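Please find the structures below.
The same chain A turns up in both complexes below, where it pairs with chain B and then with chain C.
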Partner chain A sequence: MIAHRRRVLLPRLVSGWSAAVILLLEFGFFTLVLAPRNGGPHTFANLANVALILKYSSIFGIGAIGAAMVIGAGGIDLAPGAVIALASVITGHLFVIENAPLWAACVAGITVGLAAGAVSAALVVLANLPPFIATLGVMGIARGAGFLITEGRFYDLSSRLPSGTAPLGLSLAGWPGVIMMLLAAYFQLVMTRTAVGRHVLATGGNEVAARYAGVHVGRVKTFVYVTAGGLAALSGVVLAVVQGQGKADMATGYELDIIAAAVVGGASLSGGRASVVGAVIGSLIFGVLRNALAQIPGGTFADRLILGFAVLIIVVMDRLATRERA
Partner chain B sequence: MADGFLLATHGLTVRYGATTALDAVDVDIRAGEVHAVVGENGAGKSTLLRAIAGTVQPTAGAIRIDARNRLAWVPQETLLPPDLRVADWIFLGRELRGRMRWLRNHAMLDGAATALRAIGCAAAPSARLGSLSLPQRKQVQLARALRAEPDVLLLDEPTAVLGETETHHLFAAVRTLKQRGTGVLYVSHRLQEVLAIADRVTVLRDGRRVSTDPVSAVDTGRLVQRMVGRDVPEHRRTDRTAGDPVLRLIGAAMAHVRGLSLTVRRGEVVGVAGLVGAGRSEVLEAVAGLRPLRAGRIERPAGCAFVPEDRGSKGLIAALGLRENVFLPVGGWFVDRARERAETQRWVEQLRIRTTGPDAPIESLSGGNQQKVLLARALRHRPQLLLLDEPTAGIDVGAKAEIHDLICQLADRGAAILLTSSDLPELLVLCDRIVALRAGEAVGAVAVDTATEEHLAALITGAGG
Partner chain C sequence: MIAFRRHTLALLSLIAVANALPGCFHPADTPRMLRFAFIPKALHIPVFEYARIGAERAAKRLGGIEIIWRGAESTDEIRQKEILESFIAQHVDGIAISCLNGDLLTDAIDRAVDAGIPVVTWDSDAPRSKRLAFYGVNDVEAGRALGDGLAKLISGHGRVAMITSLGADNLQKRLDGAKDALKKYADIRIVEVFDVRDDAVRVAEVIASAAQRYPDLDGWLSVGGWPVFVRNALDPIDPSRTKVVAFDTIPPAPDLLRAGKVQLLVGQKYFGWGEEPVRLLKRIIEGDRPHEPYQYSGMDVVTRDNLDAYLEQWKRWQQGTL
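== the complex of A and B ==
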């Protein structure tokens, strides 16, 4: 018998575009709360701050695009945080120590992420390991490899980048947000308008049925893990160039924020449902929250706590909206 | 209860989505009687037991039972946790405990041995459930239910996987319980058995109760008439000439199936008959290329489509809509939604799929219409060879007739069809030839003009062989 999804109590609140509603409400809320009292400039709702939110959110957002696809395919990826760090280390090492050209260092960083994804995929597809265990192992290896390369140092890329570097006329700080949005648009199309996207959701929805229908389930899984690895690494490379740092202990615990962003954006951890745009919006919801809390006295100490509550509240609302019946 | 019933249902109704599985059914069980429930596949027999056992929520109606009465249910499925030991399962939730609430393992092993002996089961109490044969697993389930000495016992097709000797042991145990005053609700396909063990018999059809009589008042002929109820239209094939061979199995071995040889020609329908566990699905899965061959070879055409059994777990993807389920996998790189919608609409009309539109959620369709969605997926590629595993399991009589019709039309137009069914009359109606499997071994092939249901049943069970 097929599970019947019944819509009760609330309409579908949190998936794809409706996550955007939450983001707008949140932004409006903090605009009111943080409004200056004596007519001075607004410290939250101004263009520079929005650019800042975009820049910091994109580190999670680029990874969350991959996470949405992995989760949609019924898997999970715990490696992104470690892969972000490793990619920043590889890029930093090649650029700073080996004097490689910046583009080559970046390509190498991304390649390492693709390789990490390929290892996860091989463990899941060939060795048939549960994705949680496979990617937990890859996470440890990636993090460890970073420490082995840096031996506790960190690479200072910023001092070697010519000041005022602005590719295509856009400042370095502006690029992460642009990259995130271009990737979101591209992968949204992949997920909704290509065979790959449907096969990803079919695999996550019912792997056995997808296989019986003739979907190459192994290829689908390989695609999502390799893509997720590449995206996490891209995020790490962007971080290294824009922040000017390559460090082995960066982005610790980011994998959980990335997964949370994908889930808040409408991905179902039981597979079969995911939204790339939703995942990016999910990371923006968290980005706004972090940024705003930093402007409230004592807010930074509470931000993990509030983020934890926010994830639970949003996901519980989604559960109530699409309650499952056996 | 004061009125002499151990349990009674009043207007019991169960709906799954758009399907009404059980429609205002009244049955009752008296102390010390065996009340049999018979009906075709999809008549609502299992749903009735599930509703009484409490695993299915009734949509309407009531179940009256004295709170002191203990109830035991043996479902048709034999899915048991493979790593538990036999004794663990028999005592699960009713563990014997000693001082400090420690488990009394030895006492439970002894108790399990007694319970197993009572129904003639050879399995050791310390064996892992995963190591048992299918009949043994069924016996372990029965032993668990019988050991509890319930006041009401619900048995769902208990003998479907049992041999003759095991069935005798079971009947003896049921009669013992009966003498102690237990009321048994006994669901079975096997009418002879029902007449042998039951005191009263209820016929269900399309979820409704047709009749309840003492067994002395009925015979198999009358029961069959009531089960079927109407003149089922005969879907006789117009053209039984077979063309060139399309599929050839030569000494093929897959899973526990050994040395199977068979040929299916253009325009021919070949059936595979066998009990649960005989290897029917394994044969089809191997032909579809989903299961490795252990020996022999299979010559199959490139255009080969497979409709698996068990729509819910192997066929449909509930997270996707109707159209997306039909177009799976997507050919090529890009999804052309407009073309998919138009083509899905054509299939909806051609196969008379009752739905609100080409993008309806798959769970809003009834079982028969879901099955047609899977057929549309398979037929979209105009296959030369069609493999159908239990194509009409659990769907209503109307949809079943439509699917039979479709299968006949496809064969008349030259498709080669290999199908399995646990419904012997269905095989006899649809097929040109039937291959009988018993425990992985081909035990005979019969041409349909000479075969009878009794002959086939004897072949697949090995009775009177």
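== the complex of A and C ==
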């Protein structure tokens, strides 16, 4: 009995609220490790640094919300990195070159992401392509379109944005984190309190059973891919406005970090299980790691290694916890 | 109950270890060191390793300086900016950065300087920012040296292709300089400018496919060292027909020069990228801000004729005796 409890206690720690617990433990750990000994200011646990972690984690976090939904529905989306870049390019091109109002340029950027998601959905639902292949193709098209438009240049949005722009009194740098948290709250409600959310997870859990139960599987898949495309594009638009540039090679390889954040946050790659809030927390776990490791002497060459181990350990423990519950 | 006690013990041990760790990073009784953050374009670009050696060597010589070497694993502009901003949040004593995208970094560099953290750029500048100094080659002049060198090798006429990595300020200047130099020769035509995205693997692919498409090409001009960072990238080129000039002289480039695969190299002061910013930051902190922000390092034009002398000099740089 005791042995059994011992065997399941640790896995249980990382199930359910696991991602949040890990984030808190991680933050606490680095707060202690990086505590100043000479009475100087804390270089990790300070408001400016927390804002910094939120700002950069949001690039992945906003995309990870969509990734969690796609994975929950039994799919995978490899396009978000390229869609982020393309949306930043479209926004930049319209705002800087065509002198469009910022809001219109942003809407156009998000629309392109929705369109990319719709293409993925059409390839998966209508052409019955495996999601990996369909979204790989969309990834290439989106990245290529960005390069075709920019021809290697970048659009300098910052040159047209008045300095000190602070919508609703909050600086531009503060907005990505706020947007990420609002989106996480909204989509968490969608996934846990609405029929749509239940249908998404039912489709990912057992597509045939979901079909027999009356779920419109095609519509569900279309919903998740279009939503994921729109969210990735929103991340690109936010990136372009906050960082001040639209560029075709931005966010290269970010799709893997976005998927990893969703998985660390509790999404099962075999479908049927996903947490939107977990995905956002997953992106914060990586954000804290990136930030803290940069402060530890000699850490720079170990960053990737430690991030890789972190993903594996968290996912393996989550898998063990799931097995115990079953 | 036993399990609970064991887990409590494990947790307390973890806290104890975490509490002990700061001592490892901040020895309590040592005098306060100046913390200089060095940010290369990326960790995977080989030339920056020499900059790191130079920075650590200069810090040791001057004393009281700690070098914090941090870079993105690949050429990721957003990640580089994140690292820069994390150093601002850490309130380091100085920042030396080789900018992947100077314009993208300008607002963060300005914030650092406004917050009292001196910033110098090296290798690749952010000219519109408030950075206090730039150390590196005069990229326009270096580009011209490449252009003139190639023009001489192909006797002022022929078709040439160029290799760059779009986005970096320094590479764009070199490209502009090279194009400017080649303009003087009416019989030289640039057929293509290839973007290899700072990738020494991609460059081999680009050269191989371009050799198919332009079999009668007279010259290649690379404003970065990608074709000479690997031994086989230039294999598809027939050196008796096509001449190659490239930036950078780090190994294995000298071997390729000796083997005749490349005919002219332009070298930079790689160890100086690390040494000079350390000196500059120390000077600035002591109140001696350089009047002229552009601290040009000069360059080394290396051909087979002066290769042995250059390698001798390289040995002394490595040993720190020059």
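Quick notes on this one:
Here is the rule we go by: the second predicted complex is superposed on the first by the 307 of 326 C-alpha atoms of A that agree within 3 Å, B and C clash if a C-alpha of one lies under 4 Å from a C-alpha of the other, contacts with A are read in each partner's own complex, and residues count from 1 in each chain.
We take it that contacts are C-beta pairs under 8 Å (C-beta built on N, C-alpha and C of every residue); 3 or more make two chains touch, one makes a residue touch a chain.
What you see is a predicted model; the values in this text were computed from it and never measured.
Taken together through their common chain A, the two structures put chain B and chain C side by side without a clash. By the touch criterion defined above, A:Ser283 lies against neither chain B nor chain C after alignment on the C-alpha atoms of chain A.
The vertex angle at chain A, taken between the C-alpha centres of chain B and chain C once both structures are aligned on chain A, is 130 degrees to the nearest 10.
Among chain B and chain C, the chain that touches a larger number of residues in chain A is C. After overlaying the two complexes on the shared chain, residue contacts for A:Ala209 are found with chain B alone; chain C is out of touch.
In the superposition on chain A, contact of A:Gly271 is made with chain B only, not with chain C.
Of the two partner chains placed by the overlay, neither chain B nor chain C lies in contact with A:Thr222. By the document's definition of touching, of the two partners only chain B reaches A:Ala195; chain C does not. Once the two complexes are laid over each other on the shared chain, residue contacts for A:Ser88 go to neither chain B nor chain C. After superposing both complexes on chain A, the closest C-alpha pair between chain B and chain C lies 28 Å apart. Chain A residues 2, 5 lie at the interface with chain B in one structure and with chain C in the other. Partner chain A is touched in their complex by these residues of chain B: 16-17, 288, 290, 306, 308, 311-320, 324, 327-335, 337, 361-363, 370, 377. Per the touch definition, chain C reaches chain A in the complex via residues 2-3, 6-7, 14-15, 18-19, 21-23, 25-26, 28, 32, 43, 66, 68-71, 73-74, 76-79, 81-83, 85-87, 89-91, 101, 103-104, 106-107, 166-167, 195, 197. Only residues 1-5, 192-199, 201-202, 204-206, 208-216, 268, 271-273 of chain A touch chain B when the two sit together in their complex.
Remark: chain A residues 2, 5-6, 9, 29, 32-38, 40-41, 43-44, 46, 48-49, 52, 56, 59, 152-154, 156, 158, 239, 243-245, 247, 249-253, 290-291, 294-297, 299-301, 303-304 touch chain C in the complex.
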